[in-house]
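Sharing a structure with you now.
Each chain gets a letter, A, B and C, in the order it is written, and its residues are counted from 1.
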Amino acid sequence: MNIIVCIKQVPNTTNVQIDHETGRLKRDGLESIINPFDEYAIEEGVRIKERVGGKVTVITMGPPQAEAVLREAIAKGADEGVLLSDRAFGGADTLATSYALSTAVRFLGKFDIVICGKQASDGDTAQVGPGIAEMLDIPHVAYVKKVESVDDKTIKVERMMEDGYDLIESSLPVLLTVVKEINNPRVASLKGKMVAKKAVIKVLDAAAIGADVKKTGLNGSPTQVMKIFTPPQRTGGEKFTGEPNKVAVALVKRLSDLSLI
Amino acid sequence: MANSIKVLNDKCVGCGQCAGACPFGAISMVERPEHPKKFKLVVIDLNKCTYCGTCFQTCKFNSIEIKKDAPQAGVDKSEYKGVWVYAEQRHGEIAGVVYELLNEGKRLSKQLGTTLSAVLIGDNIKSKVQDLISRGADKVYVCDDPVFIEFQDDTYTSILTQLIKKEKPEIILMGATNIGRSFASRVAARIHTGLTADCTSLEIDLGTRNLQQTRPAFGGNIMATILTTGHRPQMCTVRHKVFKEAKVEEGQKGEIVDYKIDVATLVNRTKFLGFIEDESSSVNIGDADIIVAGGRGLGKSEGFKLLKDLAELLGGAVGASRAAVDSEWIPYSHQIGQTGKTVAPKVYIACGISGQIQHTVGMNSSDIIIAINKDASCPMMQTATYALEGDLYEIIPNIIREIKSIRCN
Amino acid sequence: MVMDYMLSEEEKMMVETARTIAIEKMKPVREHYDEKEELPWEIVKEFAQADLCGVYIPEEYGGFGKGIMGLVLVVEELCKVDSAIALSLAATALGTLPILIAGNEDQKKKYLPDIASGKKLAAFGLTEANAGSDATGMTTTAVKDGDYYVLNGTKCFITNGGDAETYTIFAKTNSARGARGISCFIVEKGIPGFEFGKKEKKMGIKASSTRELIFNNCRVHKDQLLGKEGHGLMIVQATLDNSRPGVAAQALGIAAGALDESVDYARKRVQFGQPIASFQGIQHMLADMATEVEAARALLYASARMIDAGIEKRTSKESAMAKLFCSEVAMKVTTNAVQILGGYGYSREYPVEKMMRDAKITTLYEGTSQIQKNEIALNLIKESAAKAK
């Protein structure tokens, strides 16, 4: 089973601080991490490999420093890392990103399952996974919360929906995007870290994977950023301090004045 | 053919404003002791730069020069007319977001001087057509066939792209639901056009008929306005509760187009095996008028019992921040924020929630925000309509008692 | 910021891995399992999966081969968050050391890989109701019968008892020979005649099981004898020389964890209009705690490095010093932590009361502080006498 996991390196924004004067995000010391949703994708890829055998290849697109997240994925059980790095990939929107990643997946040869996190924590679009599937001309199932069974021709998965879950069967090759309910990602093992340290990361540019640079990066992006601005801050209102009882009474008075109670 | 950006070093004073402003962290300031005035050097990482122009706007010294290519010629835009709303249904029920999209779509279609159409895909679904018309659709395309009884990406993508290719709308609005997000991207990729996720505001530039799609980026820390200039249709998704719902107007008339489906043209590589309803995931905080939400400040899972009491008293629902969900005090289905649900109730009561941006993006459009927190300096307390300083375990029981006593009288 | 102890890259890797598990996996569940008094097996699986169980076991038996220092670093890091859960790993080391020290090649090949991979836990069975610090008082016997030894007797206060698969058990093979009449056996869980007795209700380390082991005509094959007949107490001595740094690391971890909680709380807690960290009374307490923790760490790391270097045959004095000092520091620091947190510190809402309860055991097991002092003094006198010759 050839399993490909597409991951993204994102700024670690979980504890991000906002500069209250400018309203902007403080970037100092903001480290790059594996997109949290992709952690579940890596784990599921490794689990499928452990179940049915095979190889897990992790791909990311980004600057040379993105190699670090590939090594981390190897420490967590992936077998190989591939870095797509080329100025021509820069400034890509979701469509151009889907194109570059799908071209790389095809370049790497035979594949059975492609796994992505449901979305990236910096862009939050959830568009790249299905986009890759479309460009590879394979089916996809998004929001997968469980892989029920997999053999060399089909896979059965549970797809999380707002009102429960759907049970879907798909032929292989297939692309899955996974949600956090699917597993509990392992901590990188010591032996895995040793392997990752020595692993050779394959670095490929647009020419190497045979990508048409008219379709990559900014050139291949139908959407453009027109402007970027800081959202208006909500300004504060009335403050209540003192005895809990008095505070509570004052609030309830306001709410009943507004006939909300 | 390439875009270019450069810093005019004779004008630049190394103030660093651009580096602070860059939303992509592409600009760094390097010490330059050899400069006569020790001005720092601006270095732009072209791997990260998207030529968005924020630095250009920020610079007070006109020392940044950006040359952007005219976007690649895509399609003949004049062939594309009309605003579409994808009228998502699941198990025969129209999704709530559709009514909100019809309202927004109507506004956009009027501005553009064109019509609003809804696309309804499903099995035995014609009974829902009038509902869409009375909420503002001038035209409803109906794709009614047993093959569409359950949502599958392959069949739904095939039929919607067929319809788009044939009818050529200029704008398509879709709900940012699991279904919408799953196949909108496939559709956009197949017809090769732009798709913008989770828009919070939509405006038309009448000169170009471009849709200015504004969405939060970097977890809501910044807003970006996105255009699809060279391609049509312009596609975007919008979350539930972002726009107001279209009102029902009786007696509205609309055209119904029963789209002929050739099932043989629909590829399908997946099989639907079943649906399992899950009560825990159907917690509908999205529809509640009052939400009582808890965060890390609760300190323990028992705190949610207290919040539930208050919520029940007010006829509201219980929400949570990610910190509370990660501590396993309450299931994920209650999570509000960037990685949870977006809500916009009349009253949002944030108990022990500090108000990190990842949380506030999910509840910022609430009408009234009440914060209860020991820490008066936290962002939630600073921005709340009513900020109650103190121990929530002391204040909430008092609120409950007070409401009960008011109601008794 | 901790002092730089010139850790190797691999040592840093172990620390980082242990810290990740402690914070991401253990911290969210520690109160729950303390209340429930149950070992979280899902955390044991995390240790196993991350290769932490075999850090001190040589690579040829599937371990990571980083010696006692490796064990110390991992145990310290885990115990900063929860020492009870960490005991599944730390007490396994105690039960495994007799095999590492006295086992023959067959025994090592048979038992060490499963312990290194975390598939099996181990336990050390020495203590009896009337034989604590004085092991010669034990009444468990092993009587030879053909190819087998027949074990009878009851061990008590056995950490990991019931949860472990592999036990190193000490029993008298010759009552007449006193200290030279004790032997050590590897006994597997589930063999006939080997049962578990009551589970202790304890003050601390509640998530870790402490049980009685009951041997009733339990037949153990002679291949399970570790070393030679009568070498039991020598194995005990050598094991404790190597294992006491493990207890010391447990104590150090608890102290370091309590210190972190104290500093954090003192910065945030506001009284009289300012954080309590601005009061000199609190500052001096924190300064003493931090200095004691750092001194304990320096002594422990030095002892562990000395053991791993293997230059001195016996390291009883050094490992006793490390254990004595670290465990006393743990008691002092956790008691002060509760003091700094005041009423909150006494409440289960904060972790320091648990740390104080958990710290106490470290001054008791594998030799009380008083026994450590005996050991240290005895060695001092021996060394001086040897010099005088």
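We take it that a residue touches a chain if its C-beta (ideal position, glycine included) is under 8 Å from a C-beta of that chain, and two chains touch if they have at least 3 such contacts.
On a predicted model such as this, the values are computed, not experimentally measured, just so you know.
*Asks:* Count the touching C-beta pairs: is B-C or A-B ahead?
*Replies:* Looking at contacts between chains, A-B has the larger number.
*Asks:* Please find which chain has its CA centre nearest to the centre of all protein CA atoms in view.
*Replies:* Most central by this criterion: A.
*Asks:* Rounded to the nearest whole Å, what is the centre-to-centre distance of chain A and chain C, using the mean of the C-alpha atoms as each centre?
*Replies:* 41
*Asks:* If you average the Cα atoms of chain B and of chain C to get two centres, how far apart are those centres in Å?
*Replies:* 53
*Asks:* Roughly how many whole angstrom separate the Cα centroids of chain A and chain B?
*Replies:* 17
*Asks:* Which chain C residues qualify as touching chain A in the complex?
*Replies:* It is residues 10, 13-14, 17, 20-21, 24-25, 46, 49-52, 55, 64 of chain C that touch chain A.
*Asks:* Which part of chain B faces chain A closely enough to touch in the complex?
*Replies:* 1, 3, 20-21, 23, 25, 45-54, 57, 69, 71-72, 74, 90-91, 150-154, 157, 177-179, 181-186, 188-190, 192-198, 212, 216-231, 269-278, 281-282, 290, 314, 332, 338-339, 346-347, 356-358, 364, 368-370, 376, 379, 381-391, 394-396, 398-399, 401-403, 406-407
*Asks:* Which chain C residues qualify as touching chain B in the complex?
*Replies:* Touch list, chain C to chain B: 28, 349.
*Asks:* Chain B touches which residues of chain A in the complex?
*Replies:* 11, 13-14, 16, 18-19, 22, 24-25, 27, 30, 62-63, 85, 87, 90-91, 93-95, 98, 121-131, 133-135, 138-143, 156, 158-171, 174, 180-181, 214, 218-219, 221-231, 233-242, 244-245, 247-249, 251-252, 254-256, 258, 260-261
*Asks:* Within the complex, which stretch of chain A touches chain C?
*Replies:* Touching chain C: residues 186-194 of chain A.
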